[in-house]
Every structure is written in C-alpha cells, then in structure tokens.
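Letters A, B, C, D and E mark the chains in the order given here, with residues in each chain numbered from 1 onward.
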Amino acid sequence: MMLSMLYGVGIAFFGFVLHTSVAGINRKISGRLQKRYGPKWYQEFLDIFKLLSKRATSHGWIFDFGVIMALGGIIATAMFIPVTNNFLAFPDFDNFFIFAYLIAVGMLGMAMSASGSGNPLASIGVMRALTTMLAYDIPYMVVIVTIIKLTGTSSISGLALYQQAAGNNWFIVALPLGAIVAVLALMAGLGKKPFETYIAPAEIASGPLVEYGGKQLGMLFIMMEITHFIEVSLFVNLFLGGAENIFIFLVKYFAVYTALSLISNVYARFKIDQVVLFFYKWPLLIAIVQGFIAIYLGWVI
Amino acid sequence: MASIELLLIIALASGFLAYLLGRVNRVYGAIVTIVSSMFVFSSLAYFGFTDSLDTTVSILPYVTFQVTYLGMFFAVMITFIYAMVSFFNPMFIKDYKYPGAYSMLYILSMAGVIGVFFTDNFMVMFFFFEFIVWTSMFLIPLGHSRKAAVSYYAFSAVGSFALLFAIFMMREAAGSFGINAGLAAISGTNAIVVFILLIVSAFAKLGAFPLHTWLPIAHGNAPHPFSPVLSGALVKLGAFVAVMALIKITPNSYVIVALDLPLAQYLVAIFAGLSIVFGTLMAIRQDDAKKLLAYSSMSHGGYILLAFSLGSSIGLSGGFYHIVTHALATGAAFLAIAAVGRQTGTTKMSELGGVIQKMPVTYVVYLIAIISMAGIPPMGGFISKWLIFQAVIDKGLILLAAAVFFGSIGSFLYVFRPLAALFLGQEKPQFKGILKEAPVIMLIPMIVLSGMNLVTGIFPNIFLQFINKVIVELGMAPVVLGTYTIQGTNGILDPLQITIAFGIGVVIAFIIFILLKKSKQVGLMDTYTAGNFIYSEELMHYSVDFYAPIERLYEKHTTHVQDMYKSLENKVKEFGNVVKYFFFTNKPEITVFWILIIIGALLWGDLL
Amino acid sequence: MKNFLALALSLFIGFLIIMSLRNNVAFPEYGTVNVASRVSQAYLDRDVTENPGTVIFGESVNLESGPANTVTAIVADYRSFDTLGEVTVLFVSSLGVALLLGTKKQKRLEVDFHPNFMLRVGSRALFGIILMTGIYVAIHGHLTPGGGFPGGAMIASSMLLLYLANDSFRAKIKGFKILESAAGSAYILIGLIGLLVGGYFLQNVLDNGTLGSLFSAGFIPIIYVLIGLKVGSEISGVIDNFLTEEGV
Amino acid sequence: MSAILLIVIPLLAAFLSILVKKYSANILLVVSFASVVLLNYIPLEVITIGGFAAPYGINLILDQYSLIALYAVNVLFFLVVAINCAKFKKLSSILLVALAGLNGMILTGDLFNLFVFMEVSGIAAYLMTTTNQKPLATFNYLVQGTVGSSLYLLGLILLYAMFGTLNMQDMAFQISSSGYHIAVTAFPFLLMFIGFGVEAKLLPFNSWVQGILGSSNRLTGPMIASVYAAAIGFVLGRLLTELFVFEGTLLLIVTAILGFSIVAGEAMAFGAKKVREILLFSSIAQAALVALVFLSGFTGLAALLLIANTAGKLILFLITNTATDQLGNDDISTLQGLFVNNKVVGVSFTVAVLNVLGLPMFFGFVLKMNILLEFFQTDHLLWPAVILIVSVVEGIYFIRLLLKLWFKESDLPQVEFEFTLKYVVVVVAALLILFGVYTAPVEQAADDLTAIQYIEGGNL
Amino acid sequence: MLQYAAIVLIMLGLYGILTKRNVIKIIVSLNILEIGLNLFIVSVGFVDGGLAPIFTSQNATNDLNFVDPLPQALVLTAIVIGVGTTALGLAIAKTIYAKYGTFNLDEMGEK
C-alpha cells in the first residue's frame, strides 16, 4: 500500500516535470510560428522556482489552506494516472470517476482560496471557471459513458488495454464523433482558446488568480501543470489506446498537446455564456448521437 | 429486547411532556426534544443493529408492527437527523410564537416516523404518514411565511391521498390492509394505477419534478432548525414510497428491450432526470441559501428516484446510500446555514459575506457538507454517486447520464455560491464586532454530522453492508463488497485508498508550503483592484447574481411550473366564481330555473 | 324576449310533465281512480281498527271515527296530527308577522279612504252574522263541508270587515293572544288526554255517538271549535299587524 | 315516556310562551334541555297517533337511526340556544316551534306529515333569518323553500295517486310489490328529491344559502348550518335509504347533482374571501357528500359523518359569527390574528376544521376512511377519487384560513368570547377528538345503523 | 283535463317566479303555484260520477261511489300552510319595502 502510494507520488512528479517541459517546448513552437524566438523550453520551471522563492502576501488562513488543498488534491489525482501499461500505481483502481471527481477537490481548493482572498474579481474568475466546467464536462462525460458502456470497464488502464487488444483500434477512430467532442472538451479543460476566458492571461485581472503571488502562485502553477498532465494523459489513454511503453506515451502526449496548442492559436475567445451555449448546442448533441449509435445501433468503426 | 410500540408510546408521551414543560419554560420543552429524540434514535440504532427489536408489546389498538431492514434503515437514519437537529432547538425556541407547540410537534412528527416505517399495516402507515404531514405542517408556519405551510400541505395532501387511493386499491386486491399482502396481491391494470399513484405520492413527498414547487417555499421558510429535518429526513418518506412502487410491485408494462428496462420505470427515470436538471438550474440562481439547498434537495431526490428506478442492485444500493449521504450532507449544510441565520438574522447571500472570519467551525462544517453534496471524494456523496453512475452506465442511458452529470457538475456551482458569497469574501460592516461563533451546543451536532460525512466517505462498507441486507430483503442480489472495496459493474472502488492518496497529496503540499518563505498577512481589503480605490466592503464583495452569465440563458423559463400551478389555482377559483355567478344571486329565479332544467332533463331523457 | 323564453320553457316543461303522466302506467287517468285500492277506502268504511261492516248515516253508533263528513274524519281524527302541525304553521306565521311588523307603539295605517257612518254601522251588523256563521261552520265541521279552518277564516273576515269599515278600529290584540294560546294549548291537552287515557296521542276517547248527529264524533267538534278560535284570532292578529304601522 | 312528547312539549311551551313573554327565554332553555334529557328515557318503538295503525294513521318511528338523529339535533339545538337565548328573547316561541318541527321531521313516518313539519320548521327558519337584517335574503329563502316544498308535495301526491298510501314504509312496500317498472316513480322521486335538495343545500337549488349564511348572526349561522342541516340531512338520509329508488336517468341526474355540488362547493369556497362564505360553501359540499354516502347505502357512516360535520359547523359558525358581530364584517383580513389572544377558542376552531378535513386522531378521519373503504368495497372508484381530490382543495383553503387566524404580529382584533360559548365549543371539540381516538363506539354505531332492518324498497 | 290545467297553473306560477321582478308579484306567483298544486291534489282523488265523501241522509251508506276523501283533507292542510307562508311573505315584503323603498328586485342596491 505505502509502496503504491510512493509510486503514485512519483507519477505525479513525473507528470509535473513532463508537462512543464512539454508546455515550455510548446511555447517555443508557438513563438517560432509567430516569428519570435520564444522562451527557453525550461522557462516554466524558472518561473515556478522564482515564484516559490519569493515572499508573498496572504489573506488569511483559508487563502493558504485552499492552495494546499488544491495542490494536495491534484497530486492525489495524478497518483492514479496510468502512464503506460506498466508505469502505474494502482492497477484496477484507476477508475475514471476518481479522476472526474478527485480533480474537483483541487479545483474546489483553488476556488475557495481565490474567494477567500476577498477580491471580488477572483470570485468572478471562479464563477467563470465553474461555468466553463459545467459547459464542457457534460458532453465529455457522455462520450466517456459511451466508452465505458461499450467496454464494460471504467478503469483507465483497462480501457487502454482494451484498445490495444483490439489491434490498436483507438477510440479516436472507432468513435470519431465522440473524439471530436473530447478534443473540444480537452481544449476547454486545458484553458486553450477559444474556451480560455476563465484562465487567459489577458483576463487575469478578473481571473481566479488575480490575488496571487509568490509561493501561493507558484504552488498553483504546479497544480495547473499537473492538472494539464492529468487531462492530456486521460485523453491519451482513453482515445489513443494508451501506451505500451514510456516512449510511445511521450510521443502521444507531445502530439496531443502540441496539436491542441496549435489549433487554439487560430481562435478568438468566447464569452462565458457563449461557451455554455456552444457546448450545449453541438458537442452535447454530437456526444448523444454518438452514444446512441454506438450503444443501441452498435455502429462502432 | 425493545419493543417498537413502547418506543412509539414513549415518543408520543414525551411529546406531550415537552408541551407541558414548554409551558413552564420554553427551553425545558426544547431540552425534552433533545432527550427524547436522542433516546429514540439510540434505542432504535442499538436494538436495531443488534437485531433485537421486537413487536411483542401491543397496547395501542389496531396498531401492529413488523421489523424490516428497510424500515429500520429509514427509521434509524431519520431519527438520527431528528436527534442531531434537536440540539438546535433550545437556541431557537425563543423565536417562536408558540414554543410549547413547537417542541411537542417536533417530537410527535418523529413518533410518526416510527409508526410509518415499522408498521405492517397500510392503514396505520397512512395514519402516521398523515400524522407526520400535519405535525410538520404546523411547524412550518412558526418560521417566516404562512404561505409555505399551505403549499407544503397542498403537495403533501396530493401525495398522501394518492397513497391512500393506492392503499385502498391494494386492500381490495388483497382483502386486508397488510402491506406485504397488498403489494403482492396487486396485478394487471390495477397494478399500473397503483404504480402511478404511488409514484405520484413519492414525487410529491420527494419534491421531484413536476411536484417540486413546495420544496423551496417550505424549506426556505420553515424555522431554521426544522429545514434540515424536512430536507434531510421527512422528504425521504417519498423514497420509501418509491421503493414500494418501483421494487415491490411490478406493473405489466412494456419492456424497452434496448434499455432492458420497463417503460414505467423508464418514465420515472426520465422525470427523475428532469428533477435533477431542473433542481440544479434553479439552485444555481437562488439568493437565499436555504432555498438553494432546497432546490439541491430536489435535485438529489431525483438521484434517489433515478437510482431506484433502474432496478439493479447496484442502483438500489446507490439510491439507499444516497439517502444516507444526502441526509447527512444536507442536514449539516442546513444546520450551518441555520447557525449563520441565527447569528446574523438572515440567510440571504446578498446580505452576508465573510462570515468565516467569526464562524470558522461553521464554515468547515459547511465545506465538508458541500464536498459530500457535490460528490467529491473523500466524502460519502462520492460513493453514492459513484454507485448511481455505475447503475446508469450499466443500463446505457445516455440522456439520463447527461442529466446525472449535469446535476453533478452543476452542484459544484451551486454549493460554491454560498461558500463564496456567504462565508468567504469581505466581512460586511454591519456584522463586524457583533458576529460570534455559534454556541457549543449547536456546534456539537454540526461536528458529529461532519464526522459522519467523512466516515460515510472513507468506510462506506459499514453502511453498505447493512444496505445489502435491505436489498436482499427486497429480493435482489447484494452488492459485492470487499473489506474496503466496493465492486461496481464496471470498476472497483477503494475509498480508503483515495483518502490516503488525498492525505498524502495534502501532506506533500503542506510540506512544500511550510518549507517556503512565510507570507506576510494582509487584510482582506488590501487587494488588487486594477488601480481603483474601493473603500467599501460592500463594493468589494461579489454575491449578487453570482452566475449571471449562465443564469441569463434560462432565466425566462424558470417559472413555468409555478405558473402552471398558479393557473390551476386560478382555474379552480374561476370555476368557483362561475358557479357562484350562475347559481348564487339574491333572486329566487335562479333556483326555479335550474329546477325546471333538471325536471326537463329527466323527462326529456325518459320520453325520448 | 327573456320572458317569452321563460314562458316557452315553463310551458314546455309542463307539456313534458303532462306527457310523462299520460305515459305513466301507474298514474291513474283523471276520473278513473280506484278508491278501493287506496287507504282512503278504510276511512270511508271506518274499518281501520274495527270492522263495522256497512256504515249507515244516522244508524251506525260509536264508529271508530264519528264524523259524517269523511274529510273531517281524516283531518281531525285519522290524521289529526297533520292538523296540529297545520295549526302550528299558522301560529308561527302569525307570530312571525307580529315579529316583523309589530312594534311597541302602533297606530292604524293611514289611508285616504274614510268610511262613512252608514258603513260603520252596517258593517257592525254584518259582523255579528259573519261571526255566527263562522262559529256555525266550525261547530258543524263534522257533519257538513267546512270545519275549523273555514270557520276561523270567517271569524277573521268578520274582524277584517270591522277594520276596513272603521279607520280607527283596533282590536284587542292581547285578547287574541290569550285565545290563540289557550286554544292551541287546549288542542294539545286534548291530545295528551288521549295519550293518558287511551294510550295514543290525540286519541278520541270520548263517545262517538251516532253518525250524523250534532253531538257525535267525540272530541272533533271541540277540536274544530278550538281550531276555529285559534285560526280566527291568528288571522285577525295578522290583519291587525298589516293594517297598523309604527307611531302613536 | 313516549317520543311524542319531544314534539308536544315544545309545541305546548310555544303556545304558552306567548302569554308569558318575560319568561319565554327561560322556557325555551328549560324545554330544549328537557328534550335532551327526555331522550334518555324513551324506548325505541313505533308510535301510533290517534290509535290508528300505520298506513291509515300517522306513526312516528323511533328506531336507532332516528334516536341518533334526535340526539344530534336536540343537543346541537340546546347548545345553540344556551348561548343565544338571552339575546334573542323575541324568537323564543319561534325557536320552540322550530324544535318541535325538527323533532317531528325526524320522527315521522308519514310522508305528508313530513311535509307539514318541513313547513313548520321551514317557516320558523325563515323567521329566524329575519334577524340577519337582510330581508331580501330571507325573502329569497322563503320563495325557494316554498317552491321546494311545493315540489315535494307534488311528488308526494303523484306517488299517492299511483300507490294509494302516504306512509313511508307502506309506500316503499307498495312500490316494490306493485309490479310496475321502477321508472314510473322517477318523476315523483325527482320532485321530492328537489324539494329536499333546496333545504339540504344541494347545488343548483341553494342560491338562498349565500344570502342567509353569508350574513348570519350568532343564532342563525349555527342554527341553519348546523341544527337544520343535521335534521334535513337525517331526513333526506331516511328517504334515500328507505323510499327512493334511483335508477337510470334519475340516478344519473341525482349523482350528477351531488357530484357537482361537492366539486363546485369546494371550488367556490376556495375562491371565497370571507370566512363565512368559506364555511357556507364548504358546508354545501359536505351536505352533498353526506347525501352521496346515503345514496350509496352506507347509512351508518353517512349519519355519523353528518353529525361530525354539523358539530364542526356549530363551532365554526359560533366563533366566526361572534367575532363578526363584534368586528363588523367577516373579511379574512379583519379576522386575521383572531386566535392569538383567544387560544382556547382558536384550538376548538382548529379542531373543528381538522375534523372536517379528516385529520388523523379526529372523528372525521375515522369516518372518511370508513367511507372510502366502503366505496372501494362496492367497487366505486370514481367517488373516492373525487372525494380525495376535493379534499386537497378543501385542505388548502382551510389551512390558509387557519394560518391567517392564528398568525398576526400586531394590531390584533379585539373580540370577547363569553364563558358559555367557550365552554360549548371546547366540549364539542373534545368530543370530536374523543371519537377520533376511541373509535370502537363509532364503528359499532355505524354497524348498528346500517344493520337496521329496513323494509323492502329504497336504495338498500 | 283538470289535471292538465292544474299543471299548467303550476307552470305559470313557476314562470311568474322566473320572470317577475316585483316582490308582491313573486308572492302572487307563489300563490298561483300553490293553487295549481291544490287543484292537482284534489283532481287526483276524483272519481267519475263520484259523490262528496260526506254521509248524509241522501247518501247514507259507505258502499256508494264516493270520491277519494284523503286528497281533500290534504288540500285543506296545504291551503292553510299556503296561507301561512303567504302571510309571512307579505310581511317580509313589507320590511323589504321599508328598507329599500321599492318592491322591485332590480332597483334594490343590495349585493
């Protein structure tokens, strides 16, 4: 038990390092695309370390406690992520719903902390984040339900193995409509344009992070990196057949994240209610259609 | 050994004792409620779990009892809520116009609970069912609004009369009022009618769509300590009725092959899904914290109904467990809000803010409660929702899954609103200096409930094992349980593991935090305001129209159901007025005219 | 138009009623009634409690009911209880009229018409005749058409005559009251005597005499006189109340 | 002791009381109390009047049924009188006649005699209602009442023409043994039913009710709504069980009338804004319900329901009208908060209301349950549904009313309730609770009443 | 025919109550109704060629063809009751007039 736990902590740390690097590389790529140099690939590490070493202000115990709860919750979530078929801490227990809801502890901690700062703009940011979440999670969940119903398991590693056993028949191909929805939801979850209102740097003055600086911000950055790691890994496992070994995982991971970053560069930003309307119009419909044709008609490519 | 009837009599007697003592000193009456409800709860729990409840004593005429796991489950759970909430009574009793009556009715309604869940006779059950309705109906107007009691009564009456009709139909089929005999004997078309009636009854009691409009009114306006009882305990009577309808009788309805679900059950599930969605949407836009929680009860009632309607043992187990976890969570949340309401005099979020500064314990209680309510580990709500998800996915109900997830994610939104607007944020100047933490006697039940929320989340198997007994009694296979794990249809859950992982995560985060440089403490007003100088706490607090962007999308469609009932009410009044117009004047000719018409009708009918 | 419709409606309903009565097999056609099939035959034969065989005028003695007038036998003997109720109705309505119209201080209603001397004197002369006729009718109720009610009405009409002929005339209401009360009470007492002596309320315990003679039929002439007095005084009281108004 | 005394003593007292006006109120009180006492000493028997046996003479039937009816009517009458006799001295004689008339109506076994007593009590009622100071309403009542009783008489005469008798039981016997199809009696039965319908407040014939009860005072309100309603209800019940046979179109019409009365009565009460209007419209519905239960053949239950309802109405109208007399009008807003300072009265009022609503622990509940049970046992599913649905409506407006009367913060209405009134309402309310909890005698009484051997004919 | 005439009278009485707005006229209509009713009652007892049910020296025995005496007795009672209600109705009419100054129902201001 304790060993698995340590293993899990390792995964979380791995995820942090991995995503921070990948994100840095992506910043470089984006920069190059936009005809700039872009920062160094390890720039994000530098940012975080700098923040962690700075002296910060605190708005009371809930402000600090929320940050701890956020990071703790996310680390706990990351511990369950299966990286490859063998590189995972809790085989069988990596239930999808654990991710879906344990990740919310971290979110809740962050939201609590932000509201605890006493800054109304932070509360507005939280409101935006939660509303966006309400928008993108439902279609995404419907797609996942379809997958779970089809495979009979909700274990993430189990799902990856299922796809591998079926001759690498990835769900991104088998359930194309669902995959589209999942990609859109993933973009929203990662805070990519056009669904990034709640976290976009330009909107930070009324985002959840408005009041942070120093170690609290640094810890939240760590938390965000791990969150993104969780979300992208989930996508890799659910739709891209997981990974037999670490190399494949890295390739898939990098490909997914880079692709999303590149796509998102093209778009402008939605308002919050537009996000909700958007997701409840097409993605939800597509997800439900996908569910119907996959479950009741058996049309799985 | 303990006899149920004795307990019932003791409860009834202590009710009257409470009234008498309440006349002497109102606080004495309230203390009787604590003693009595604790006594009833602990004896039910102790003797119940040691299987030594019996029905030997028989003093009351007509009233006969049976001990079932199902009844015990409900009774213990509900009396627990009663017992916990009763600690609040001494602190609130001075606000009531009729304090003696409050204490008496409080205990009597609890006595009714014993009667409903342990009797083996439909008539007795209905008697106590009504008894609860009436006692609680008289409790509600002691709070804010008189209208609340009326609308509570209206819907309760619809529920109980539907139940009564069903009872009589079953009696006709079985020849006696025996519950088991009646449920077993009903069949054919009658079974469909009984099913519909029982479902109407369950919907009305649970406040499920479309019979929900009383819920926010009653919960929002009931006395502060009674709202948790209503929402956490009494509403669950509907679940009891739903179990009878959905599990114990099987109407001959068309089975939808693709879903492997009878049409009747599917329709119930659809309405349950609507309740979830509607309750969530309405809860998101409430300003009064109690109304918000009331709508959340509606949404959770939907979960319970949905779980029962799926007809699988994992669904049943999820439904039962959700009853427990929701009762604990909503009880704790309501109590926390009640504490705030007592200390500040209001429960409106737009009038509050920064309560955490003075009431941190209450805040933590609320936090734990909403974590459970939102279904986030490591609280009980997660386990029950997980079980329900298993059942829903197992049946492949896409639309309902969407509803379930909507309710689940939506609950993040609405439970967060009081957290941010009421507890966090800027401290309102009018409460500065006068606001204090709630008295210890009120903290006790809140802390106990929070502890229970945690226990239900970490060691659910204690409860699920008992629920398994209930399920087996209902004729279903039990859910597979390990020492710490629960086996679902598509996965396995180890709540303890999750909790430990969460603990480790928090410890790591805490170590990181503590190792880094200490922060400088600044006040809440010392915040980034984009260069503006905002000096008033009120302007620095975001609480009105919290979810404005999403509220805007549906705000025009929130009152359709109320409008429907309103227009129904108006229709009845109009009908009355039309009749009055046609039949009542101060002139004799009206009567003569109708006499002629009626004579004409008879003779015309006979001649032709 | 409304009136016409109402008339059409009521006449149409009347038509329907007539049609239904014509079609009704149980309802005897006009004039073809079979009295023998009804309870009335027993009244005619006087054989409710006894069986006297043929009833013969002037010969049959001590029948169960004495009046030669069978209607009287029914009204005042067989169904005397109805009559008691009937008296009560009149009693209570005269009481009601007094309650509604009577005030403490009353004077005659003022009308434009002032009777002359001849009228006053003539009416007084007529008064006695009408009064006597009324009493006669009441007393002979068991033998001839008539009885207490017509008799009482005649008595009252004699009072009415006085009222009409003299615009300042007021009868002594108090006296009427006593008469009314006494007559009513006496009726009941007679009934109670029947109860005590014969065991049945309103039983005729006196000798019934010979059919057709004046002093026959036991209590019936007495009852009819009482009724006559009572009705007369009551209706007179009503008349008085209508012909007076508030004032001194 | 003979039951005839119940009619004769009040009548004699009435005749004598006009002579001694000073003591008339005392006489009234003594006589009405004596009637109640007398009831305990009279044996159950059929009393022949004038020594002429049944179909020829008039008889009074004193069986279990009429005994219970007499108890109800006399006790209620005594209670109403005890509270009011001092204030309405002028009406003493009339009230005595009314008592005689009501007792006569209940006792008599002769249809024409019934008509006579109906008129006696009817005229007494018209007179009582003149104290409302609404002569137009009284006039309206009088015209309708007279038309109603005339129709009753017409129906009766038609029956006599067909079957040659006036006695109730003999009539039923003749009808069943005549060999005619029952349809021949449909028209007279309808006429008689309408005649009673006017007095019994059934819906299309009751436009007088609003004027009379809507502006009633402390005497007329309880008297008409409670005492008269009880008497008329019992008599209608006897006719429905013993004589009337409703079939085909007639049954349809009658049930439609009753059903409509129930539904419309509750709907009108629901929309009413004045306390007395609420009460009177609800009593319309209740009267129809009682008639319906009688019609369905559940005699015992119907009789008890009638008692429960009328006893409840006594309390309700007494309290409402006392308050109205002192406050000037009976708008709910005027009476709001009435019970805050008058708790004893308030509790009695509440008990009466809850009894009507059929709350567990009250008399009304036991009856309601038994009635529904009977309906189900005879496979009538429609009526229980109707009863339950209107019960919801009824509950809503009554509870709305109760809450208004119990809760008000300031500016409470000042009403004095004297001791006798309090005493009366508390005793009646206590009885309603007693029979709700201790149900054995109720069920026994219902069984006894239903088990009375009626002669052939009637709806049974 | 007499019976039908009586019924027509009853209907005319009802018609009067239905249409007349004057209190006195309504009472008169009521009387017409009662008269029609009384006529009908009497007609019910009529036997073709029947004698009045009174034993006299001419009609001395009971085996003669008498008409039915019972309806006649009933009519007697009904008439008196009619008188009572009429008197009361007129008295009420008088109080109505005292209160409203009119006999016309439409002209009274009462709700």
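As a working rule, a contact is a pair of C-beta atoms (placed from the backbone, for glycine too) under 8 Å apart; a residue touches a chain by one contact, two chains touch by 3 or more.
Note that this is a predicted model, so its numbers are computed, not measured.
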Checklist entry - Listed by label, which chains are in contact with subunit B and with subunit C? => result D, E
Checklist entry - Given the contact rule stated at the top, which pair of chains has the most C-beta pairs in contact? => result A-B
Checklist entry - So which chain is the furthest away from subunit B, centre to centre on CA atoms? => result C
Item to check | Most widely separated chain from subunit E, with each centre as the mean of CA atoms | outcome: A
Next on the checklist: Report the inter-centroid distance (CA atoms only) between subunit A and subunit D in whole Å.
Outcome noted: 76
Item to check | Centre-to-centre distance between subunit E and subunit B (centres being mean Cα positions), rounded to whole Å | outcome: 68
Checklist entry - Using the average of all C-alpha atoms in each chain as its centre, how far is it in Å between subunit C and subunit D? => result 31
Checklist entry - Once you find the CA centre of subunit A and the CA centre of subunit E, what distance in Å lies between them? => result 97
Checklist outcome for this item: Multi-partner residues in subunit B (2 or more other chains touched) are 586-588, 592, 595-596, 599, 603, 606
Checklist entry - Which subunit C residues sit where two or more other chains touch them? => result 9-10, 13, 17, 20-21, 33, 38-40, 43, 79, 82, 85-86, 89, 92-93, 96, 100
Checklist entry - What residues in subunit D touch two or more of the other chains? => result 112, 116, 119, 123, 126-127, 130, 136, 139, 143, 147, 158, 160-161, 166, 187
Checklist outcome for this item: Touching pairs here come out as A-B, B-C, B-D, B-E, C-D, C-E, D-E
Checklist outcome for this item: Note: in the complex, subunit E contacts subunit D through residues 10, 14, 17, 23, 26-27, 30, 33-34, 37, 40-41, 44, 70-71, 74, 77-78, 81, 84-85, 88-89, 92-93, 95-96, 99-100, 105, 108, 110
Next on the checklist: Taking the touch rule as given, give the residues of subunit D at its contact with subunit C in the complex, in rising order.
Outcome noted: 2, 4, 8, 11-12, 14-16, 18-19, 47-53, 55-58, 90-91, 93-94, 97, 100-101, 104, 112-113, 116-117, 119-120, 123-124, 126-127, 130, 158, 160-167, 170, 178, 180-181, 184-185, 187
Checklist entry - Inside the complex, what are the residues of subunit D that reach subunit B? => result 136-137, 139-140, 143-144, 147-148, 151, 183, 186-187, 190-191, 194, 198, 203-211, 248-250, 252-253, 257, 264, 267-272, 281, 340, 354, 359-361, 365, 369, 372-373, 376-377, 379, 381, 384-385, 388-389, 391-393, 395-396, 399-400, 403-404, 406-407, 440
Next on the checklist: Show me the residue ranges of subunit C that touch subunit E in the complex, using the header's touch definition.
Outcome noted: 2-3, 6-7, 9-11, 13-14, 17-18, 21, 30-33, 35, 38-40, 43-46, 54-58, 68-71, 73-75, 79, 82-83, 85-86, 89-90, 92-94, 96-97, 100-101, 143-145, 147, 149, 211-212, 231, 235, 238, 241-242
Checklist entry - What residues on subunit C touch subunit D, complex-wise? => result 17, 20-21, 24-28, 33, 37-40, 42-43, 48-49, 64, 77-82, 84-86, 88-89, 91-93, 95-96, 99-100, 177-178, 180-181, 184-185, 188-189, 191-192, 194-195, 198-204
